[in-house]
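Sharing a structure, written as structure tokens. Questions coming.
Naming follows writing order (A, B and C), and every chain is counted from residue 1.
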Amino acid sequence: MTPLIQEIRHNPLLWLLAFVPAKFAAPLAHTLLFALSIVAIVPLAALLSRATESVATKTGDAIGGLLNATLGNLTELIIALAALRAGQYALVKASIAGVIVCNALFMLGASLLLGGLKHHVQDYNRGNARLQAGMLFLATVAILIPSVLAEGDAPASAATMQTLSVGLSVLLIVTYGLGLLFSLKTHREFFGGADHGEHGEAEWPMGLALGTLAGVTVMVALVSEVFVESVQQAATTLGLSPAFVGFVIVALVGGAAEMVSAFSAARKNRLDLSVAIALGSAVQIALFVCPVLVLLSFVLGPTPMSLQFWPGAVAMMIIATMTASLVTNTGRSAWFVGALIVNVYLIFCITLYVLPPAVR
Amino acid sequence: MTPLIQEIRHNPLLWLLAFVPAKFAAPLAHTLLFALSIVAIVPLAALLSRATESVATKTGDAIGGLLNATLGNLTELIIALAALRAGQYALVKASIAGVIVCNALFMLGASLLLGGLKHHVQDYNRGNARLQAGMLFLATVAILIPSVLAEGDAPASAATMQTLSVGLSVLLIVTYGLGLLFSLKTHREFFGGADHGEHGEAEWPMGLALGTLAGVTVMVALVSEVFVESVQQAATTLGLSPAFVGFVIVALVGGAAEMVSAFSAARKNRLDLSVAIALGSAVQIALFVCPVLVLLSFVLGPTPMSLQFWPGAVAMMIIATMTASLVTNTGRSAWFVGALIVNVYLIFCITLYVLPPAVR
Amino acid sequence: MTPLIQEIRHNPLLWLLAFVPAKFAAPLAHTLLFALSIVAIVPLAALLSRATESVATKTGDAIGGLLNATLGNLTELIIALAALRAGQYALVKASIAGVIVCNALFMLGASLLLGGLKHHVQDYNRGNARLQAGMLFLATVAILIPSVLAEGDAPASAATMQTLSVGLSVLLIVTYGLGLLFSLKTHREFFGGADHGEHGEAEWPMGLALGTLAGVTVMVALVSEVFVESVQQAATTLGLSPAFVGFVIVALVGGAAEMVSAFSAARKNRLDLSVAIALGSAVQIALFVCPVLVLLSFVLGPTPMSLQFWPGAVAMMIIATMTASLVTNTGRSAWFVGALIVNVYLIFCITLYVLPPAVR
């Protein structure tokens, strides 16, 4: 247990763990519950990320990278599942779109910015970035096309839209599987893993890492349940629109752990890892988590959930995809590139804050 | 006549020729006529492609390539002319948009996929691909902008839209001509032709090739006439929407010959030829066939046909153009790139099948 | 004074200066006033450009380039300020969008075309082109997103849209400042200035240059005032729509001086300078002039002006940005690339001429 305690002692982010028990204490007001659940999720996510990295060192880069992305997205998946069971589809979709945009813009942009402030020019493997951007593009098309083709005619019946959503979801999941096959197996020499030798941090023993993973996952599930319950009332109290909460707050909270990893890698001039975390995570949400939620809604939700998003979310996803495509074209970065991408994200945040749209 | 018979003996696709006479035999139901005309067009298109290639070997790459693209698109042109004369403008436009999207996505994607399954990594001349993608982009803008600028105001009068369509059509045809001048004359050293030495197939004598060209073109015209007549009723019988038929079936049938050539070239690691056929054909439809049809509609059609397409078709053309631009940026391909592009096309097909839009 | 007179003698464009006094002469009809103010602005703009270049030689490339862009855009700024004070916001916005599109498409395209007709292939620094295209992309997003998110709901209140416009305007101005910091200070070695040694023209003494600058700026202000007053009535008389005048005529007149510089640089195979002028000027309008006008409208205008544009203008700006991004990706050009870009611009002009939209 010593490495876990040492880790907690040295990582100020983990001191927030103290807030975790507090949230089960008393009949608190929704706003306080909301604030506490945010504060509690962050250190849990950081622990999750740290434990995953330790496992990854043992299993090798290929499987480790996948594990890292998957467990990093676990918070989002659990939050989404809780909202799915509650039938809060608007929150689920705002959160999915928000995470995709947040990862592809803010996490990528802030990594390039923070890395660029320390290193004059940084190079990275553009092959991987292009692969991720291409898959993100496919997901955006799958989400965009049904809306465009349905528009202008008599609105498509809910049943038709369900059939379509199932078909496209299966296509996205298959493509995600093919993408893993491509990058982990048939052409893995083009997606060279980052050199873990530079890490220099003491690795945890396998047993501790796996135990931490299991324990933290359960705690994240509990905290997330409270988060979803309290978030809507808290938003009303704080004067925040549900769109802003779902799109910005949930995305930033859910992605906290990955951001810590991505930013820290960028500062260590390991931009390949930052790009892989930021875009890889966005791709996993778009091509795996989102379609899986659509399919699961038939079993878990009160009614089936479609793959249709509100036009504003689609527009932001298209812009995020275009930005990621244009930026990662060169495989070379400096601080201003990061600042530009972060500013695109800020435009979204400012607009959602000032002009709250009625998310459908 | 021997090489022609030999070709038919060795090419199983051409055995379908047996179906050609069958379709003139008896008062068949529309669905059967529809099926037979599809079955009959495929081997005719293959013969056309083969004869063209023989001529191309004699005339050299530059003029031969143009001839290849032009005659490959002959089927589409004849089908479109038959529909134009019948005033079926919705079918004409769905077919034009369908061919552009099918060539730029399915033909290109399947070539990269089939080539990539045989060869680990394939390189091609990205200069040519970029030229074609740029011209496709121009055509998309010409089709998009009138709709966007007209939208929201009082709808533009039909007469105004006609004047505009004529102006833009002339602009597109001029650009296509300039593109030929650029790639065949002033800068042809950048568009190096494929090496025909690898072919190894016996070339036909010039007389046989030209005779076959003439004869097959007449037969294609006859079969196409029946195809257009039967396609709408057949669609109703089979439960297919007119949009699906016009956009998917007609495009796949009309492009059969070029696909055979493009796929075979990709398997022989001649990706330059595949890309030139797929994108070159899409460009010729967009910048030459389509505007020529608009101009001809003044003479042949019951009323003038405009350059306006339904928004869904425009959206699919934009996505196809973007995909082609992003993909051909590197000049390097592996199987997953092809799979991604084919999947974009599949998204269109699934959506059109499940959610039939009312094509206007 | 001799160099100024010599310049006027050798530059036929400057002979138009004779028209400047004519326009204050008599109570002319609006159409004549309009024509004369156009004719008068052109040589003033050319003088302004020439004087600026002389100053630039003294101050060095970095500050000189900025000065060149800024003073080149002075005409547009003064025209826009006059229209702003008159509350003609539709004209202001049409002119801003028109200048951005005109510079990013026509000025860039015609430079590549004219340069390409003289030189077989031309190379340029794509780093700078990509930076400018990226900043243009950010501005387009800032203008697009409020419309997209507001659309479909109850229209946002004017007050909300004002708050949003101010926020986004500040963001754009800050980004523009960061862009200058990046290209002029922290990473200036990547944006190597053009070699002025090739110029070969006699430089003006500093005093003459600064005096000309001051004098011409005052004259431009006077002529512009008349231009804006007469342009609307003249348009009605000539049968031109206000959209065509604002978008095409004003943009071409206002950018005349920069075009002269950009085209001449392209002919001298200094494509870096052409690209910097064309895209740099578009970026300055989008990220500096436009947001400053929004902020100034609180002080100068009858009511605050928002950052919202009519959808057609937004569409044209997006296409212009995409075109600039795609084209400048390679850093290599030939005449056909220029022809393609100019044709995209021609599509806009033809459509605006034939199908005049009601600019809001």
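What we mean here is this: contacts are C-beta pairs under 8 Å (C-beta built on N, C-alpha and C of every residue); 3 or more make two chains touch, one makes a residue touch a chain.
What you see is a predicted model, and the numbers here were worked out from it, not measured in a lab.
Engineer: Look at both sides of the chain A and chain B contact and report whether the same residue positions are involved, with over half shared, or different ones.
Structural biologist: different
Engineer: How big is the rotation relating chain B to chain C when the fit is done on Cα atoms? Please round to the nearest 5 degrees.
Structural biologist: 120
Engineer: How many angstrom lie between the centres of chain A and chain B, each centre taken as the mean Cα position?
Structural biologist: 41
Engineer: Mind pulling the chain B residues that touch 2 or more other chains?
Structural biologist: 329
Engineer: List the residues on chain B that touch chain A in their complex, please.
Structural biologist: By the definition above, chain B touches chain A via 120-121, 310-312, 315-316, 319, 322-323, 326-327, 329-330, 334-337, 339-340, 343-344, 346-348, 350-352, 354-355, 357-358.
Engineer: Please give the residue numbers of chain A that touch chain B in the complex, ascending.
Structural biologist: Chain A residues touching chain B: 130-131, 133-135, 137-138, 141-142, 144-146, 148-153, 156, 160-161, 163-164, 167-168, 171, 175, 178-179, 182, 186-187, 190, 325, 329.
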